[in-house]
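Dropping the structures in below, format is structure tokens.
After this come two complexes, each holding chain A, first together with chain B and then together with chain C.
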Partner chain A sequence: MAGERRTDAKLVESETTETDAAAGAAVGLSAVLFALAVAALFERVSLTGSLFGVGTVTLLGGLLTALGVAVVAFGVGSRLGYVETDPDRSVGLVAGLGAALPWVVVGGSAASQTLGLGTAVGVVAGVAAGGAAFALTVLPCEDLGSTLPLGCLLALTGLVFLSGVIGPEWVWELGWTQQAAITAEFLIPASTLFAALYGGWASAKAYGGFGARGRHMGAYVLVYLNALSIVAFLLILVAYVAVQGLPGLLNGAELGLGSGPQTTVLGASVALPVSVPFVMNGVALFNDFQGVLPAIVGTVWLVVGAVVLAVPLGVGAALFLTEYAERGRFTQVVEVATNGLWSTPSIVFGLFGFAFLVPRFGNGKSLLSGMITLGFMLLPLVVITSREAMLSVPDEYRDASAALGVSKWQTIRSVVLPAALPGVVTGVILGVGRIAGETAPILLTMAGGTFLPGSQTVDVLGSFQFTTAPPFVANPALMEATSALPYQLYALISAGVGASSNVGNADEFRWATALVLLVVVLSFYAIGIATRYYFRRRLRHT
Partner chain B sequence: MSENTNPQTTTDPQTETATTNGDQPLTANSDQSLTANSDQSLTTTAGETVEQTRSEWTEYEFRGDAKMAVEDLDVHYGDDHALKGVSMEIPEQSVTALIGPSGCGKSTYLRCLNRMNDRVSSARIDGSVKLDGQEIYQDGVNLVELRKRVGMVFQSPNPFPKSIRENVAYGPQKHGDLDTGLLARLLNRSDAEERDELVERCLRDAALYEEVSDRLDDNALGLSGGQQQRLCIARCLSVDPEVILMDEPASALDPIATAKIEDLIDDLAEEYTVVIVTHNMQQAARISDQTAVFLTGGELVEYGDTDQVFEDPHSERVEDYITGKFG
Partner chain C sequence: MAPVTDALNGRVRGALTARLRRLRGFVDDTDPPALAIVAAMTLSLFATLVGFLAVSDLTIVPFVAFATSTAIGWVLYQEETAYTIALMMTVSTILILGLIIVFIFRESVPVIRYESATAFGVTVPGLRMFIQPNWDAVSPPIRYSMVPMIHGTVMVTLIASVVAAPLGVSAALFLSEIAPPTVREVIKPGVEILAGVPSIVYGFIGFTVLGPWASDQFQTTGQGSYLFVGIVVGLMALPTVVSVAEDALSSVPESMKSGSLAMGTTDWQTMTSITLPAAFSGVSAAVLLGVGRAIGETMAATVMLRGVPRLTEPLVNVFYGQETLTSIIARNYGEADGLQMDALFVAGVILFVTVLVISIGAQYIEWRMHERLGGEI
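On to the complex of A and B.
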């Protein structure tokens, strides 16, 4: 039995055949379709417009149809023996379910909506179409099963686009009590996206000649398309914010000697060679261009304060838990508590700050309470990641150090901590990414006005003062309410602040604020990555 | 030093089991055990001769002083009785080899000599270990001083992820014997020169200096396995120990690196007292002055001059083990 079914694959497949080339082209075609669909989803490609002289929807439909026909041709060709492949007996249940799902949707919606037969008939038709697709996938040999239902689906989708049944103007009013509709702008890119995934998978299997190698190819293409789409979403998001925010950010920007504001560098007063009013000004009545400098500085100080508070505490707690405390009930409880704290919603932390910290610092919102609140938010993640990092330091290091007669604390300081530092920094990076963008805690504990004049930019370093009474130092800047970028953005967008004030183009101002927030957070991230890289290098190649 | 590494015995051991000894369970307490007239039960593995351990087999007379004296040492890991009433004296400036099958307690014994077993929370140690006549299992023992005097080299090379120089200077620096910190440098009291001399001397003693002299600031993890192990020996020498414990120091190394380590041990024995655990009987026969054989169940069966143990062991079980009948 096993002998009969043994596949006789060639060991060396030297030359690329025309079939291979065609299958490779089909994989490439599905990648192109995938990219087009992503671009259309984010409105980088207009559905009503045209590409290469052809209407976008027509182009998508044509490509989909071609891909579908090609996929079916591979399957049938392999079955009839025109193409040399080594298919298995069946594709398997998972692939069957995967192929049935789109057919349920297509069959159901075609019967109930396009033909207008009602919901009950739609359900029956959907189940029937799905069942047929499932049977057609699972029952025949692998080459037919993995191509025929999917190829037909692709061709059908393409023909629907080509024939204009679903065109750029198409809308499906759902008829709910709420206003809800599925528009062509969403449906066409989304269905193209899925169809391209299916087509890519099927043609990759054909490229691999089905069987084990074909399955490997199919999985490979799926994984790659997924990874690419994630990177694409990320890039599109950043690019979108950048494109929208740049005009506001560069509003009134100048480059040239002496164009910037006066600052003091090493005791000498110099004018900066660049002037970007948006990040160098506050908001004032007589400013030519308004800016968000107080919010930027507020965000930076917030993060610095939270890190200064949380990192020593968190690393210390992790040290105690890993190196000193007996592993048992107590450490388990602490672990559960830290994990729970990390999952606690930020508004709860904010409320804690509002009810507990604010009354203790002069009963007004202050930078200090914001820092402490965010520090508490950061603390659990620092504890969790530091603990993991310290646990992963090999025990051999500790043994070697102990065998030299070095005390425990010296061992921790000289061996365990340096080896754990990259992990600790990773935790801080993740945590800072979260707290730098937090709005709710800041809203409750720190936020003052939305549009602060440049003169209210917090100057933490410059406002330390000596006093005659204990505690002999004071820092009024820490005790003042100020603004931060996420809060400012929230106020601008949600509360509608800004439309009536004198910021000029309010929309540009908002996008520019978002861009600056993104840049600030990414800068913290970059600093963190650089730090981690430095410590890793020190550990590996001195 | 013995040249006869693998004595061929012709006497047919009176094995109780005539069955084959193809499979050798690693664990103790297998099917055969009988209660002896002593207070301990004898535990053997399949293929072992059943016999009584006699106390005169472990009596070893030597000239000179005993560096370390162990008496009635018992170690329990939880319920597991890992070492049963071991007594032996280790002479000064010599190489003592501990051999025996896996799980027989030789590493446990070694770790008792500098109290590394204190780091295992489940371990319970009874008995007496004396270093130069001073009991090390008593209150008030300074573990830092003990481990400075009794250094240890581990089975797998475990250099710190630091530079070669920092690895060797680590111990003295942490003990405050060398100060090359920022403050010392600012006050012009830096011991950088002393440190470099120490590093060079230790690396030379560990026969590594020639190979690494031009890259002392490179990371130690970039060295090969054999070099790493010699670096660990150099690191151990840096705190100027009197006794060096080695736990299978060559088991992870290739033959050439092993040969280097063996030569090194030979040289070290002129100055230091070396105690080495090994699985390799040829190695024990080549490098050691006296050999202690631990057998299944955590007891010391025979201890004596290496030539005598390998050529004419008192115990038949030891003979079986040495000739490879089990273990």
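On to the complex of A and C.
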């Protein structure tokens, strides 16, 4: 039958039929269910309450049942020839496994828990249900296979909610030594979420008329949803931290001429026109508003130190690998080592700094050890990105320069390096964003107190001094433990509320610290990405 | 055996003679004064390194010598000096990896000796850390078992991979094959920024928001569960999977894709039957690297877990989160000394070796893929 239909399938299918509209509506219904499930999961919608005059669970159950019936109807309608579709012989093994998985869970838990038959029977029932669903998916024609098992699953879930077998008060005690239970509060939204995904996929396939186009539709719905969710997740994350952190950050903030602290700009002493005590103060007993200035300055110096160490080393190494060395054993070893360094966990860098650097710099945690540790972390990233940038410089440039009879180093200095500069700069900025937020390595190598007074803000440039004993140069600021934003946040979390009572509202203080950290780190990323755009557009224009 | 060692000896000797010949060539080609400068730089830098390793106050002396000789070389023989500096910088990357290996292994030796156990009549150092699940640093018998932490890391990594692998590969497909250019320009930086959110911020949100919520939902005593640490760590590993997998997918030659499309397939058919199989090894390398990231994730785990090193009961109880290899280091480094500190180094060694093996494996897979597709590396 399917073969017959395929012969008169149209090359262009543009007109919208009622079936398409119905399938489109089913996709929309899945989207609504998905949104409801997410809202219920995060307790934006109460399960015990009601929506549009209907109890939430009843509403979810009703919608799920409707969606399930619709999905089955598409399949059966297509099979019986009421709907014009173009199904393949079979759905395929991947979709079969996808459909079998929820049935294993449903069959197993229904037999072992709802009916109380024990674990062994539960496993058998789960495998049986999953096997049946798998066979039902894979064996029949594609239109039935991709709708029947899933539609039944949706309808069953809906009916379970409608009939009140699983109501808002439902709890499944797992009976484990460490007490845990699965509550309706979690189960209902979570199962609705997955059911909505399956329903959306099946109805999108129906919308596409099954076959290659249907599979294309079904897959695209999921892929687009995934991409959208990732972006939504990022936005929600940033917005949440911003909303929570702003009150603490703007505590006592003032805007107006002369309201800020005195600073020296070009030799003249001026008062800044804004005052944000949270980022301009330290912590002191008589401060009106407490702040995190020492931690911000600590972070800045850490980043500066790491960049000063890692960028020349990394660019030099990349230069050697791309311009001087012949491809062979040596370059291979360096590549493996760089990539290995790149994936080494940050806490291992911390341990290394603790064992290697700390004993060599006065046996105590110090800013210098932190700088070098972070520099080592940054190094592989600089090597990798600089290498990519140098490799993408066309060989014609080098040949043209060499044809002028200049030496290799002159070619590198005046042709390769300038051409690779944009890539190197972007890579370095992005890398810096990454290390600026690292906590683990500085935890073991440089982190000192949590609530530093403003007077302990590090001043590296002003602390250089010469001594008579070797090593003749000393810088106490580099040799002292200090604070940095990520560490400050960690210490605030692990210290609990009691220890931080001297900052007034501890919760506000913490969120504000998180916000400042996020702003600092993300601004590196923003600058990096903007630089890349700038250079790319300039390249396109020239 | 003998022919094998002979062949090996022969190869080593061949390589050495080749090196020597090249060195001699360099010596012959270079001016004697330039050669002297290069030699001075190399020797003084080497002396600096030795001094630094020996914790000597006089390290500054060879360092000043190095700086001076470099400055002189830069003015008089820029070509040779630049070459030497670049070479030294390259060597330093390998050196750093070597130093990490040496130092974290060295620190972990005492506790490995302490935790020796006898198996089949042979005393194996460190074995007792892996055959009993008890970590007790305070009351005798003092035991430093790695089993609870390995269990925790495995649980977290499994859950994280379940989150990161499908979402990451799907997002990579979207970015490299599906998205229209304008959408791509928005989502790609978004993924990059997601990679930049500091782990402690994730941990903080997990600790203040997710933790209480999860303990309420699953009616557990106290907060901290492998399930949610796994999910958060999975989200953190996601950008790594996306960017590496996207590279792999877009390195599939365009001609293969258009060939398939010319047969009248849909985009999705081309993806599943041409692009994904061709890039399969690259995509699996991406997942592997994501797993490596998940294993090494520290701060989110540290603040979200309970910090009691023991196994969960039963072992599959993901609603309780005790301790992972990373979090035990971050939590205990402060009060630890002696054997306990060394035990933390053992956790570091396990992490380092696992992740290094994963990294090398992923590189090997990627290299194979490039070889097969015939693209440039």
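Note that the second predicted complex is superposed on the first by the 424 of 542 C-alpha atoms of A that agree within 3 Å, B and C clash if a C-alpha of one lies under 4 Å from a C-alpha of the other, contacts with A are read in each partner's own complex, and residues count from 1 in each chain.
The rule is short, and it goes like this: a residue touches a chain if its C-beta (ideal position, glycine included) is under 8 Å from a C-beta of that chain, and two chains touch if they have at least 3 such contacts.
Quick caveat, the model's predicted, so the values are computed rather than measured.
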Exercise. After lining up the shared chain so the two structures overlap, which partner does A:Val415 touch, if you call chain B first and chain C second: first, second, both or neither?
Worked result: first
Exercise. Can A:Phe233 be said to touch chain B (first), chain C (second), both, or neither?
Worked result: second
Exercise. Touching A:Ser407, do we find chain B (first), chain C (second), both, or neither?
Worked result: both
For this session: Quick one: classify A:Leu539 as touching chain B (first), chain C (second), both or neither.
Result: first
Problem set entry | Contacts of A:Val171 with chain B and chain C, given as first, second, both or neither | second
Problem set entry | Winner by number of chain A residues touched, once chain B and chain C are compared | C
Exercise. Once the complexes are superposed, what residues of chain A are shared between the chain B interface and the chain C interface?
Worked result: 407
Seminar exercise, completed: chain A contacts chain C in the complex at 43, 171, 174, 176-183, 185-186, 212-213, 215-216, 219-220, 222-224, 226-227, 230-231, 233-234, 237, 240-241, 312-314, 316-317, 319-321, 323-325, 333-352, 354-356, 359-360, 376, 379-380, 383, 407-409, 412-413, 430, 433-434, 436-440, 443-444, 469-473, 486, 489-490, 493-494, 510, 514, 517-518, 521-522, 524-526, 529
Problem set entry | chain A partner contacts - residues on chain B that touch it in the complex | 114, 116, 119, 121, 143-148, 151-152, 154, 156, 158-163, 166, 170-171, 174-175, 217-219, 221-222, 232, 235-236, 238-239
For this session: Provide the residue numbers of chain A that touch chain B in the complex, in ascending order.
Result: 326, 394, 396-397, 399-407, 410, 414-415, 418-419, 539-542
Exercise. Given the complex with chain A, which residues does chain C contribute to the contact?
Worked result: 52, 55, 57-61, 78-79, 82-83, 85-90, 92-94, 96-97, 99-100, 103-104, 106-107, 167, 170-171, 173-175, 178-179, 186-187, 189-201, 203-205, 207-208, 213, 216-221, 235, 238, 265-269, 289, 292-293, 295-299, 302-303, 312-314, 317, 319-320, 326, 329-330, 333, 344-345, 348, 351-352, 355-356, 358-360, 363
